[in-house]
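Notes for the one structure printed next.
Letters are used for the chains, namely A, B, C and D, taken in the order the chains are written, and counting of residues starts over at 1 for each.
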Amino acid sequence: MTAALILIALLILGSTAVAMSLRNLIHSALLLVLSWMGIAAFYLWAGAEFVAFAQVLVYAGAVSMIVLFAVLLTRRSRADLSIAPASLRRAVAGVLAGGATAGVLTLAVLRTNLQIAPSAAPTVTVQQLGLELIGPQVASVLVVGVILTVALLGAVVLAASDRNDGKEDAP
Amino acid sequence: MLGTGIIKGLAVTAKNFVGSFYDPARLVTVEYPEKQIPIPENYRNFPFLVHEGDDPIATLRCVACKICENECPPQCIYIVAERDEKGKVLKKPKIFDIDIAVCMSCQICVEVCPFDAIKMDQHFEIAAGNRFEGLLLHREQLAKPNSYYQKIHPTEAAEVDAMLTAMKARQAAEKSAKAKPAPATQTPPPAA
Amino acid sequence: MNAPANTNSLLERAPVMIRDWIIGFFPESLRWPVGALLAIAAMLAVFGLVFAFLTLAERKLLGRAQNRPGPNRSGLPFFRGTKLFGLTQPFADAVKMLTKEDIVPRAADHLLHFLAPVLVVAFALMTFAVIPYGRQLVAVDIDAGVLYFFAAGAATELAIFMAGWASHNKYSLIGAMRALAQLISYELPLLLSVVPVVMLAGTLSPTKIVEAQANVPGGLIPHWHVFTPWGAVGFAIFMVAALAEANRSPFDLPEGESELVAGHLTEYSGFKYALFFMAEYFGMIGLTGMGATLFLGGWQAPCAFLEFIPSYLWFGVKMLSLILFMMWIRATLLRLRIDQLTRLAWKFLVPLALINLGTAAFWSRTDSWSGPLQFVRWAIALALIVVPFVVIGRRLTAGLAPRTYRYAT
Amino acid sequence: MNTLQLCLLISSALFCIGLAGALSRTNTILVLLGIELMLNAANLNFIAFWRFNPAPLPATGVIFVIFAIAVAAAEAAVGLALVIAIYRHQQNIRLQDATRLKG
């Protein structure tokens, strides 16, 4: 049980760390997909299979596609992808900030006396989830729907070019 | 309405699919090694040598005049004339090679031949395992009877034969006319 | 399971009995992994063979649709002259593919170039796990099976992108970009067309969705989702989107051999190419299998008295006829242009699928209507489908008169 | 240290990798991805607490994560649209160059 968790953790953290330090953007993006799949594996390990599949569908299926698309659209040549490393000061500052946060968080986690349930994972069926979503959480569902619609429209408005390339032929 | 075109198209392909089982005439392809499309008469690919009688090498029309060798644009013909014991050139080829890997089927050799000895063949199944020896044809492989020529190019062969017999008749007439005033001392006219 | 006698015949139970017999030889602790391995092996064997003969069927069908006989010459190795209608063609192809040289471009991204074909087959195979092939034949019966299926299917496009990127070839890269655009556009209608089924069946588990389409005892009319107004529309949208997801003609833009050489496959040869080919067919098998499960009643027989035929045969018949339909479409339709492709998805399929969601909601609210009200229910539902179809379709084709040809007749 | 603490350590490590990446990289896309990773780390926490809660609530953590994933997807879409707009404007996506508010 814990061994599987440690394996998953190594997968997530290793692929993420390498992805964040690679110079080739495409490799970074593909490694991040691997780490998102690792996170989905963690959800499976914890018994939340619906969330795991949603994670794969949304991250590996949609977000990664948009990221790759953005990477390919925002370059002028293949060499453009090997982005120059940031200045040393910036890199050191970033790693220091991350390390400091990690230290604070680790201390906080280790010092807190967290009680855990010895029992097995709570099971949640899809039906329960659906009832929960349309019952107590219906307001949040509506808000998320509005957010998604606004995000879609906003993305279209932002990314659409100003000039009109004339009428295209319809199918 | 949207989609009607797709349904029409599906109907067309379905009709062709079913029809190809019931109506063999629909099939546009020929199953090649078993069946062959008849070759058009004027089809040509590579040259061959015409011979008259039963012995292919002895009765070649070719006299090794090397006109075709000189005229051939890609230089694919190689001719060595036969010599007798004294070294005198005989009027037949000892070596007559055509490299059909080089030949470009231009038919110039046929056009320039004064003796109608080289003609274009229609045999196209000439694949060989070796592109140097396999595609270099010698006179034994090149020699084909006149009857074969008549078979593959009937119209053209009829003209050639008519011309040759007319020439022979004229020569015979000239010979007999000359024989009366003076005995034949000259060399005989080149064998046709 | 206390099913009626005719649904419990020997043939029906044969696969499960064989599995139980084999894992009976193993100790108790090993039974679960051995059973899983058996399921994987059986699936690989069956679908490998199905793939092999589908390639032949496709070539035959395309040939016949174009008035050619199709491949009919390959015989047996040591019997010259045998022909067998070309039935051994797939094996000859396999031998040829395996013995070909594997060429990797020098500038290629070697790791990704190697990983892409492996991943594309792996993801395509993962989708097979949740499809119920028969009454008790499902490899993994998970609660969110439909979601799992689409999650695994979405990942295949990532592998296609990897192939296109790693080849270091402009055609491959254009193919990869097209694959991405296509996936983003068609994932939405595909999922939206499935939502009504999930809504009305009230579950995300494929086995339960099949059970929801069970025959009424003694009934003659199949109780499948496709025979409801919303189901018919959902099925049509699902099939169009499935064609796009499987990169099949008329949506085979990522390959587009007339403009892109072979798209993402340009730099692949030999066994890796065969893997891509296999993945395409596996993707098709998976999507049609899911389509049959969601809309055509899965392994259910059309009427109750036909249930003596084993359920997995019914499933196979439905899946194969859907695949043959896809091939029929390939024989008929031309490839779309990329702007036409995205326009069709965003301006036609997505609005239609959203309206279909409303139709499904109406259908489920009026479940209690009976007698003459049944006709009213059908009329309203059909109107909810036909009117948007005509209106949106007219918008889509506006300004496009039937094409006139100046030089061709 | 119990399993819950291990999960929390994993998620805080993930959060810090995301933070360090977002701070130290100059490519806009990578900065966005770093922020995504931080969101994911938060999701790991939700699931971990839901899994090991001594007084289990049926679906709270899962619901939280579902909403977080939806919002993260929206964020990614808008963010990458912004990246494309920036690229169109200044022909690169270096973060330091995007300093003007008016363009």
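Methods note: contacts are C-beta pairs under 8 Å (C-beta built on N, C-alpha and C of every residue); 3 or more make two chains touch, one makes a residue touch a chain.
Model, not experiment: these values are computed from the prediction.
When the partners of chain B are compared with those of chain D, no chain appears in both lists.
Chain centres here are means of the Cα atoms, and by that rule the chain farthest away from chain B is D. When the interfaces A-D and B-C are ranked by C-beta pairs in contact, the top one is A-D. With centres set at the average Cα position, the gap from chain A to chain D is 6 Å. Computed from the mean C-alpha positions, the centre of chain B lies at a distance of 57 Å from the centre of chain C.
For this pair, chain C with chain D, the centres built from the Cα atoms lie 34 Å apart.
Distance between chain A and chain B, defined via averaged C-alpha coordinates, is recorded as 75 Å.
Contact of a single residue of chain B with at least two other chains is seen at no position. For chain C, the set of residues that touch two or more other chains comprises 396-397.
Residue numbers of chain A whose C-beta contacts span two or more other chains: 50, 54, 62, 66, 69. The touch graph of these protein chains is an open line.
Those chain pairs judged to touch are A-C, A-D, B-C. Put simply, chain B touches chain C in their complex at residues 1-3, 6, 9-10, 12-14, 16-17, 19-21, 26-29, 31. Only residues 112, 142-144, 147-148, 150-152, 154-155, 157-158, 161-162, 165, 168, 173, 177, 180-181, 183-184, 187, 202-205, 336-337, 339-341, 343-344, 396-400 of chain C touch chain A when the two sit together in their complex. Residues 1-2, 5-6, 9, 12-13, 16-17, 19-21, 25, 28-29, 32, 35-36, 39, 42-43, 46-48, 50-51, 54-55, 58-59, 62-63, 66-67, 69-71, 73-74, 76, 83-84, 86, 90-91, 93-95, 97-99, 101-102, 105-106, 109-110, 114-117, 119, 121-122, 124, 128-129, 132-133, 137, 140, 144, 147-148, 150-152, 154-156, 158-159, 161 of chain A are the ones that touch chain D when the two sit in their complex. Listed in rising order, the residues of chain A touching chain C in the complex are 26, 30, 33, 49-50, 53-54, 56-57, 60-62, 64-66, 68-69, 72, 78, 125-127, 168-171.
Interface of chain D with chain A (complex): residues 1-10, 12-27, 29-30, 32-34, 36-37, 40, 43-44, 47-48, 50-59, 61-63, 65-67, 69-78, 80-85, 87-88, 91-93.
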